[in-house]
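These notes are about the structure you will find just below.
Just so it is clear, A, B, C and D label the chains in written order, and each chain counts residues from 1 on its own.
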Amino acid sequence: MMFDDFQFSSILVSTIRNAPVLMFAAMAGLFAERSGVVDLALEGKMLAAAFVSAAVAFATKNPWLGILAGIGISVAIALLQGFVSITQKGNQLVAGIAINITLSGLTFVIAQYLFQQGGRTPDLGDARLFDIVFPGAEAVAGIPFLGWVYTKLIGGHSALVYLAFALIPVVHWVLYHTSFGLRLRAVGENPHAADAAGINVERTRFMAMLCAGVLCSFSGAYLSIVQSGFFLRDMSAGNGYLALTALVFGNWRPLHTALGCLMFGFFAALQVQIEGVVFPGIGKVPGSLIQMIPYVVTVIVLAGLMAKSVAPKAIGQPFVKSR
Amino acid sequence: MNQADLPRWATAFALPLLNLFSALLVAAGVIYLLGESPVECLGILINAAVLNPEGLGYTLFYAATFIFTGLSVSVAMQAGLFNIGSEGQMYVGGLGLTLVVLALDSSLPGWLLIPLAMLGSAAFGAAWAFLPGYLQAKRGSHVVVTTIMFNFIAASLMNYVIVSFLIPAGQQNTASRVFADAAWLPKLNGILPVLGETPLNISFVLALVALVIYGLVVWRTTWGYQLRATGLNQHAAHYAGISISKTIIITMMISGALAGLAAVNSVMGSTHYLNLNFPAGAGFIGIAIALMGRQHPLGILLSSILFGALIQGGFDLSLEKANIPPETFIFIQGLIILFCGAMENLYAPALSALLKRKEK
Amino acid sequence: ADLKFAVIYDAGGKFDKSFNQSASEGAERFKKETKLNYLEVQVASDTQTEQVLRNLARKNVDLIAAIGFGQAQAVQNIAKEFPKTKFVLIDGIATGDNVSSVLFKEQEGSYLVGVAAAIASKTKKVGFVGGMDIPLIRNFSCGYAQGAKATDAKLEVIQNMVGTTTSAWNDPAKGGELARAQFERGVDVIFAAAGGSGLGTLQAVKEKGKLGIGVDSNQNYMHPGSMLTSMVKRVDQAIYDSFMQLKNGNWKNGTQYKGLKEGGVDWALDKDNRSVVSADMEKRVNAAKQDIISGKIKVVDFREGNKCPV
Amino acid sequence: MQPAVEFQQISKRFGAVQANRDVSFSIAPGSIHGVIGENGAGKSTLMSILYGYYRADSGKLLINGAEQHIRNSQEAIKLGIGMVHQHFMLVENMTVLDNVMLGMEGGFRLKPQRHEVEAKLREICKRYSLDVDPLATIQDLSVGVQQRVEILKQIYRSANILILDEPTAVLTVQEAASLFEVLRLFKEQGKTIILITHKLQEILEITDQVTVMRAGTVIGSVATAETTTIQLAEMMVGRPIVTHLPRAAYAPGETVLDVKDLNLVNSQKVSLLKNVSFNIRAGEIVAIAGVSGNGQSELLEILSGMRLPTSGKLQMQGKDLPFAGRKDADGLPANFRELGIAHVPEDRLRDAVIKNFSVMMNSFLGYQKKLGKSFGLLDYKSILKNCTDLLAKFDVRPADPHLRIALLSGGNQQKVVMAREIAANPKLMLVGQPTRGVDIGTIESLHTRLLAMRDAGIAILLVSVELEEVRALADRILVISGGAITGELKAEEFDATEIGCLMGGIHTH
């Protein structure tokens, strides 16, 4: 295969498919972290939601019920995380890591107990979420550029993909144009000031965790009932941490964070495409080195372009009303 | 409501024990649901991990690795740096020692080769941590993010190096050749035959030494003072004339070196070759250990042993009980971290109330 | 007393839908036929392998099957320590009077599915999704490419690996994504050798109405009609044979290489893929099989020179 | 008439500290009530109880005659209580508008309310002559303006009982005066105001009644008209206070610090210091007077090595200060300290102490390198001894070297910092706002220390916004405005009006 072989169009479509997993999780993290709770537990919530969504979708043959159940479990875990890090004022990093480890084990154990397939659920078959084909897609498919845009780039994805992209302006709006968003930001920036203004800091943080729970569940559901069609142990595969990276990268702002997710999606897609490509002058780069691309790019971008990211000030600190 | 009202014995022992007990109670519930007797399982677990000398040997063997990764994470935390990259640093550290060993194991005696190899692992680990440290210090790039990235990069790089250069011709195991005997760490069962056939080796002793040095350096030296000052208040540290960037870079390199040294135990003490993904999460467990052990030498030691025991005991238990997959113990580890590491105040109010009532 | 048997799976685990699972099927068949039970364990690291092997040997297990190349060194060590215990090692080589090593010529089976893929492909582009860039997986892909290119020299083979960490074997989302990316580049047949991630690949294949090729055990049943075939690696047979030999008293040590000729690898043709395998294809694949067995076609083993001829 | 607020036997304890003990007094509606007391007397704690931050261990709280159990600030706000805290309670990266709205948004969508509130704010600003831009971001505002935002918040919330905890600690005289104008307007409207301050002059100026606290208890409540600052001071500290401290005759030695053409331009290309030149000689106190935010902080930072100047010649005893060729100031303060420069920074909590360290561990911050034994080990034995000595000498209360320093009151933290820097036996002492938030007893002792240092031949640079302090200490006064020195006066030429003009950037000569 030669260098000019690789296809930009395919990379773009792939980017759009790759991004939602990160986008949901990063937006979930955004709610939690803007409220001052470090969310290292994205991975765990994602995994739990992936499992429960798949299991329920399989049992009921209905992907929507699966998604609903996924929301339930993810919210439950987020609230547990809230109990530990908000009510108990425990170490938020420990809580996050503990939840990830716990769920990595627990999802396997339960999946194994229920299905006896090595921590896997059976194939969902028709209970997977279908791709939405836009009306008239067939008719325009033949038109050179527009056809591709309509049927492949913006059409032909699952509902969750559209939800993910729709979320970007919504999260932005909630954060900056509603009283909830105002309180959320205040609580994450200076909880003492918020408290003095008569805001219940703990309740606001719990609300944020609730949002984080709901959003993160979509990420898990997307993995299991859209992308894979079954649940497999540890299938979150580090995406929770990547989402967190995108969040830091995006300076805890919705639009920039989404951009970060798209960037990861893009480089993952690019990496797929240039594996095995013969570069002029360089030759074939070993696949394992190509796997590094998204990560190396992130480091370079972080070090070069957007050196200083400013976290919400109160992040990671439990709110204690004294000196 | 807070710990301050409680006597020392309560915060140092009673609360952690109550928390450990709670975690085990939840675990027992799950084991019961899986159809096994929790009491019997606990018996097997304790026997396999602690009472049986050989099992204890394995427990301590695993603990030795965790002490190093736990120290790696802890020392960075003292400077306010959350080093998630111990995993990658340990992995690359393994390469450092392997290169030394592969080059010299036919010519040097063990007493010279082993320290050299350890130096190699520390140097490579430190080098791998240098860039995240440098970028944090000079460019303000978040060390959490860069170290996560460096873990992925290490995985790719090591995959490339091992597969392309280290696998002996015609072999399919994704590992270097087996080291010559000179590079095998002396085992402790030479001195303590009761341990039986365990890979427990002198790196456990080294780990204990490292704990002591860590404690001394952090709490008793000027440098340690500067380290903690930087971690607690960078403004004040700057005011005090401490070079923040130097402290950050050096601390990250020490952290990386400690992570690199974690490779010594598993590579030179057990498998005697460098294989793909050999750290197997030990770097991440180091985070849990540092957090649970509150970055305190004794805490790190105890949580390392607890985790070693869980891995060893859990493995043996899953051998005996087909219904309990080994993953159950990942779950239990998580529970223990959650209860002991993040909910340390769970029982403080109740205990405090109880003590007050007794006083009256 | 009854003979005692044991199987040690590697980190992939008994249910990997791949060679560990195949091993367990072999042991299960043996148990059914002989009513002789066996122990089974899964190890997480190379250190544990040694521990388990020693434990089992001490419990006087007569024959221990160790699955996966990662266990080679441990088998070598423990076999020396316990000369009375017998060991059968899959995918790796250990020496000793009490050790039998079984290796498979994956390249030969892969060659056959490569031929099938080349015939089935309408776009003249076929894909390969591997778990990790390691010699074993390279050998699959190299055999596959050899078969495909031999059938049609102009045919393009596009390869991707899932990752470089252990999650590379457990990332079906990425496995699926690789498949979709390959489809967009025109691929219409994909051979997936990526453990759990490969299941995601095959799922995507089905969803997009393309053809997939399974690996290790016969995976045709997973998506009937969407599976072109599977490259079966008869680990089950190797385990079954080894157990049986011990029972019958004719157990032998030494290293065996099992290719097409020895029935160690093959392509799978059953009711589930009957509909997609044309008579012509069946004929040509079987012809290639005969040529390999007879030696007329030499399939290069990637591991020998760390190079692939195509 | 019913008192607006009545405390009955309020007690509150933190661990070993009895912050309030049986506190009882009442506050008449429509009055301005002063609360004074030494650092750590329990003033803030009492107000926090009133505002629902803490719950009293025992005692009763009556608001407008009815007993109330205020469990949190929401409930306090509902009762019409507002509080302006010692440390501003503002979200720094938000606008004034958002800060005012916070907690009182009045609907899910912000947009419609934003317009309404903005209009209302502008109107309030006009009515009370408060100059605040509702759309400015807090972190861009000077402390004086931030203070106004706090007041604005309370007006917007139409608080009827307003608590102000040391509102003037960081304000200039002018700023304080305009604050008091607003408070008088409040009073006219029948609002009740509780004012905590360490400046007795202000008590006399504006309050109707004053309550004095000491060690958690009430010493007495008196009508302001019937008392004097001297009486109040004595009630507070339990002994007479000397207001005019004795000092040796002005006899400066050789030049210690020489600053020539110092310029500082920040990353946004704003010029913060402009051609600043001056010198300080041994045995004199040179004060920099000015409204805060006019370059004083930056000047101190540069002279202590915490920040690099853009250009200029800085000499210490005839030798250049060692920063030439450096890219950043990382680690530089250590070099400056070695030359005998000690520094008491303006923001002690941020720069001068590590809150989570014990007093002892803070007692050598900055001098840690000097304390090393062999192998870089710290010599805890002598550290503990030194620390115990310092605590005794400076009367730090409680004198417990193992206490976390955050648990000391602000004044006592300041004493620890001063003690540490003085003990270093410097040649040049840089002192920023040494008595900010400190009670008068402590001010007296800190001033005595500084004068003793001067008399001992040490060069001292004092940065202070308190003209009283400048008058009490300085031998020479430099006035800074907009980053430039706008005038210089000798101690005997002290003239508050002229200094005020210079501070405003108006040259009189």
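Here, a contact is a pair of C-beta atoms (placed from the backbone, for glycine too) under 8 Å apart; a residue touches a chain by one contact, two chains touch by 3 or more.
The shown structure was predicted, so the numbers you read here are calculated from the model rather than taken from an experiment.
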Chains touching both chain A and chain C: B
Per Cα centroids, the chain farthest from chain A: D
Top-ranked pair of chains - ranking by C-beta pairs in contact: A-B
Chain centre separation (chain B, chain D; CA means) in Å: 46
Centre distance in Å when chain C and chain D are each reduced to the mean of their C-alpha atoms: 75
Distance between chain centroids, defined by C-alpha means - chain B, chain C (Å): 35
Approximate Å spacing (C-alpha centroids) for the pair chain A, chain B: 29
Chain D, residues touching no fewer than two other chains: 355
Chain C residues counted as touching two or more neighbouring chains: 133, 163-165
Per-residue multi-chain contacts in chain A, two or more chains: 119, 233, 238, 286, 288, 291
Which chain pairs touch, all of them: A-B, A-C, A-D, B-C, B-D
Interfacial residue positions of chain D with respect to chain A in the complex: 14, 51, 53-54, 72-74, 76-77, 83, 85, 87-94, 98-99, 101-111, 113, 153, 355, 406-407
Parts of chain B lying in touch with chain D, wherever the complex brings them together: 4-5, 216, 220-223, 225-226, 228-229, 232-233, 235-236, 238-246
Chain D contact footprint on chain A (complex, rising order): 177-183, 185-186, 189-190, 192-200, 313, 321-323
Residue ranges of chain A touching chain B (in the complex, touch as defined): 84-85, 88-95, 97-106, 108-109, 112-113, 119, 233, 238, 241-242, 244-245, 248-249, 286, 288-289, 291-292, 294-296, 298-299, 302-304, 307-309
Chain C-touching residues of chain A, taken from the complex the two chains share: 1, 5-7, 9-10, 13-14, 17-18, 21, 116-120, 123, 128, 152, 223, 227-230, 232-235, 237-238, 268-269, 272-273, 275-276, 286-288, 291
